[in-house]
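Sharing a structure below in structure tokens format, with a few things to ask.
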Amino acid sequence: MDMLLLTLESTLRLSVPLLLAALAGLFSERSGIFDIGLEGKMLGAAFAGGAAAATFSSALMGLLAALVVSVALSLVHGFASITQRGNQIVSGVAINFIAMGTTVILGQAWFQQGGRTPALSSAGRLNTVELPFAQAVADVPVLGPIYSDLLSGHPLLMYFAFAMVPISWWVLYRTRFGLRLRAVGENPGAVDTAGISVTWLRYRAVICCGILCGFAGAYLSMALTAGFVKNMTAGKGYIALAALIFAKWRPVPVMYACLLFGFLDAVGIRMQGRPLPLIGEVPVQLIQALPYILTVILLAGFIGKAVPPKAGGVPYVKER
Amino acid sequence: MATPYAKLPGWVDYGLIPLLNLVVAFAVAGLVVLLVGESPFRAAYLLLDGAFGYGEGIGFTLYYATTFIFTGLAVAVAFHCRLFNIGGEGQAYVGGIGVALVCLTFDNILPWYLTFVLATIGAAICGAAWAFIPAYFRATRGSHIVITTIMFNFIASSLMIYLLVEVLKPAGQMSPQTRTFAEGGQLPKLDWLLAIFGLDIGGAPFNFSFLLAIAASIFVWVLIWRTKLGYEIRTMGFSEKAARYAGINEVRIIVIAMLISGALAGMMALNPIMGEQARMQLDFVAGAGFVGIAVALMGRSHPAGIIPAAILFGMLYQGGAEISFEMPQISRDMIVIIQGLVILFAGALENMFRPALSRFFGARAMRTKPVRVGSAG
Amino acid sequence: MNELAIELRGINKSFGPVQANRDISLKVRKGTIHGIIGENGAGKSTLMSILYGFYQADSGEIVVDGKPVHIVDPNGAIAAGIGMVHQHFMLVDNFTVLENVMLGAEDSQILNKGIARAREELKRLERDYALEVDPDAVIEEIPVGLQQRVEILKALYRGADILILDEPTGVLTPPEADHLFRILEQLKTQGKTIIFITHKLREIMAITDEVSVMRQGEIVGTRHTSETSVEELASLMVGRRVLLQVEKDAATPGDVKLSVRNLTAKDSRGVTVVDDVSLDVRAGEIVGIAGVAGNGQSQLLETIAGIRTAVSGEVMLNGRPVDISGKADPGELRTRGLAHVPEDRHHMGLILEFEECESAILGYHGQKQYLNGSFLDAAAIRADAEEKIRKYDIRPANARLKTANFSGGNQQKIVLAREMEQDPDVLIIGQPTRGVDVGAIEFIHKRIIEMRDAGKAVLLVSVELDEIRALSDRILVMFAGRIVGERDGDAAEGELGLLMAGVEEKEAAE
């Protein structure tokens, strides 16, 4: 029971950055801008958050810096993909590299700790919140521990991340912005002839993506750990991308996919060297690779069909 | 309708524009150097001096360039078939298995040149095999090859960790790597080649696989522009409909193009494994697969462009190492930034200067010759 | 009713060196249907895109309802009461009808209220104009005719008083087109003004009140439809009395070279596009397939050429069966004597990025004369291309020039030279002169006749009825995927027209 609770608890913690990044990708890709630069934006944001929070001893400053950097990178991607009509994959790859290199160089130059930022004091960290009555119900059997141990006592950003799932759904399907955003990802011509600016609409989508990636990065360096470590995203941006595809670009399934991938991650850490009943010892690398393997199988059409937004990856050029 | 931009003279298209893009990329990189409080000009001097100032530096530059020629060619061949093979990293990594297995088996039996032939075949087969599944799924099921090859990079990474930690590591050894190969598994250095120019290679691992890289470049050029297969790859890359019309089997061509691409990426493993370390280590690819993207973009997917682009990146790797001695602030991660900037400016933003140049050269062309009015529709 | 809905004064528009619209002045009276007719590339679509704010004119003035307006984007056009039904529908395929109608006119940030209002409004429009459509149907699941209705609804929903329809019947079956015409009449009686763009004379005569003819970017004449004739409009469109009567002797048909029996094919959505088609083409004759675009002619050609998979039926080439299961190799069919000039020159017949000499071997690149083992024989390929350039007078005479840099007519000559010089037994040709300048048309027609006279079996598909009549020895009419009639080459235009419109054989004969 304890073991299960612990695994589930780390599942929640580990799936938060995936969830935020995947929702970020959702906004961008539903508007027709493919984004494999989630990794780089998250990394840049994590560094900016860690650096600013340490420098100013303020979590708020950290969060702000994380958002600014992530949005700036997403605007670069927007400029290349929307204004310059460049190749979106190439642009995403470029952003990942720029973020990877810059965070280390600047981190070393500013803090001299081998690419780390100084450990954050509690003022610089994003604090955890106790849910109401967590103490009071802790002793209730089964539900008590689930509520007070599993669900309570996490950083505010975690609750924010999970709240973003219904919010994203609502924005996409129940607002004018969402209607237009989904339309521009399918047929930008329809949006253009309806008198809406394709360019501005896509820029807004890309900015939404930047904001959410900023939160994801801040969560990594300011909540999950107390400071930035070199290359701390370690492929999470790509797993988020896999989750987004796995969820077929829909908000609620994105949450399930991220929880699944987070769970695999948690199990992988916990299982190291321990044999499983019946199967025997499973190489931990196999569990780590599972999200990627599952995504490939999905893309091959063996589990349903993942149809990306129709205009995704294609720069909009007015027909002549 | 084919391009939204006016036609430019060849030398602008293939010379001036890439050069401008490169200059901007380096200018931005210079800003980062400035940001950490060093002089970009001194850094540039150290870079060039470290890379080309003396024999050993040149040896290292060419050693790195060898790697990037392979991965650049790999990306380029796929590009010609309009496939974005972002999986060079994983294919090179898995290619290492082929090299390592051949060397571990034959290094005590065969002379290096025979091991080398077998290892080349092994690397090519393993690299190609790692490209096969994404290629096959793309050809038959329409899976997005960018995503599947990214996924295969990560799967390769997990696989290689498992193999090196659990299988290939000799008993009693701590670090995850194979045993060191005997002489039959080591490539000779090309010190004689640089000695022709009066240069002393010193300790640089510039080795025989460089000649294979040059041969591969010629092979790719002949393949793409001088063979029936290359014609079919290019046709497929420009128009799937035309390929179908011309009786070209789409599945076959996509799979073959990706197999060649994967094989070239896999052959990259020869250079660090047989040419330098004489063993296979964890993460020996070290991002070279991704550098291949920058190299192919800069080299416009043509071997004649890829070789200089690879040497440029070799210079960055070697010169970057030199800079980090003199300027501790600037570690080799600086290269990663430059690489990103080159990909950004030479790839995603390649057309940034085009409108202005088109206006400049277009205005001139209009004056010199009348243009026929074609059918606009 | 003599008030003007729209007046254009001196509109000019260039794309680089190409002047698409030249000094255009046009008056459209309120409450009328005004036709604009011209060949492909005459500048009709560009002009309408300017009116709809998609492009800005280089110079000139637009006056709507007597007031000069400056339309810089579609919003401006919508505000001025102009709506447009595009040739390629501007619909979001996975949205519902309602969502598509609302897009861009949602009322408020949050959709709820807007949805309710849109549903009301849609009901009203349905009532007023007899435009029935289920608001909750998803676009990709409804037929093309209904999709077009949604486009019209979109414009009306935005309060358009002036409706532009760009080649609206190109994708419609004749019954759907007739239905569209009834809708347009209805809209006219309700006071709407309609601008109807087409290149089909029949439609102009059937529905418009006035018609303006465009040629090479200019308006060359405006007529009251009741006071003009098909002949007059046709001559205005092409600039001179076209002598489409190509010189040719009577055919001397020989053996059957191509034989198709009960061929049926479906498109990617599973709709039957070729329906139980049987035909024979003999050596030394030209068989023309007439029909409105989109009645399965293109798919028929592609199926015969081995590019498209057939569901059932059989195809015999030179007396031997062709594999129609989709595994057929178009390359192998070539070696068996089938040459194919495809409709889609740009994406199928040529590679625009290739050098001319490379495009000139597309499909034949595996033949021995172009190869040394697995290698291309560059010298042989170039020599071969240069010979064809001479023989077909392809300009500029440079085999190393990029294919994209040749004009439409010369590109088509590259394809024709490639396919004809292979000395095939059977030649199938789709739209031989689409987008081709007048000079090249004559040349191409002559070559096709020469092929016939040299004893080739020629199967010709064209949506230009004049072309079919000028070239064919026998004419088959295709409608809704079926062959609905066969006539001699000198059949009357009216009779063929009725068949093409799907009027039953018996009625047509009367």
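Chains: A, B and C, in written order; residue numbering restarts at 1 for each.
Just so we're on the same page, a contact is a pair of C-beta atoms (placed from the backbone, for glycine too) under 8 Å apart; a residue touches a chain by one contact, two chains touch by 3 or more.
Here the structure is a predicted model, which means the values were calculated and not measured.
Novice: Counting only C-beta pairs in contact, which pair of chains has the most of them?
Specialist: A-B
Novice: Averaging each chain's C-alpha atoms to get its centre, pick out the one most distant from subunit A.
Specialist: The most distant chain relative to subunit A turns out to be C.
Novice: Cα centroid separation between subunit A and subunit B, in whole Å?
Specialist: Distance between chain centres: 30 Å.
Novice: Averaged over CA atoms, how far is the centre of subunit A from the centre of subunit C? Could you give it in whole Å?
Specialist: Once rounded, the distance between the two centres reads 47 Å.
Novice: Rounded to the nearest whole Å, what is the centre-to-centre distance of subunit B and subunit C, using the mean of the C-alpha atoms as each centre?
Specialist: Chain centroid spacing, subunit B to subunit C, equals 45 Å.
Novice: List, in ascending order, every residue of subunit A touching at least 2 other chains.
Specialist: 320
Novice: Note the residues in subunit C that touch 2 or more other chains, in rising order.
Specialist: 15, 46
Novice: Among the residues of subunit B, which are close enough to touch at least two other chains?
Specialist: If we look for residues of subunit B contacting two or more partner chains, we find 376.
Novice: Give the list of subunit C residues in touch with subunit B in this complex.
Specialist: Within the complex, subunit C touches subunit B at residues 15-20, 40-41, 43, 45-46, 305-307, 329-334, 340, 342, 344, 347-354, 358, 362-363, 365-366, 371, 374-376, 378, 404-405, 407-408, 435, 437.
Novice: So in the complex, the part of subunit C that touches subunit A is made up of which residues?
Specialist: Within the complex, subunit C touches subunit A at residues 15, 46, 52, 54-55, 73-75, 77-78, 84, 86, 88, 90-95, 99-100, 102-106, 108-112, 114, 154.
Novice: Looking at the complex, which residues from subunit B come into contact with subunit A?
Specialist: Listed in rising order, the residues of subunit B that touch subunit A are 1, 4, 32, 35-37, 84, 86, 133-134, 137, 141-144, 146-148, 150-152, 154-155, 158-159, 161-162, 166, 290, 293, 297, 329-331, 333-341, 343-344, 347-352, 376.
Novice: Enumerate the contact residues on subunit A facing subunit B in the complex.
Specialist: Against subunit B, the touching part of subunit A is residues 36, 76, 79-81, 84-91, 93-102, 104-106, 108-109, 115, 235, 238, 241-242, 245, 283, 285-286, 288-289, 292-293, 295-296, 299-301, 308, 317, 320.
Novice: Which positions of subunit A touch subunit C when the two form their complex?
Specialist: Where subunit A meets subunit C, its residues are 174-177, 179-180, 182-183, 186-187, 189-196, 310, 318-320.
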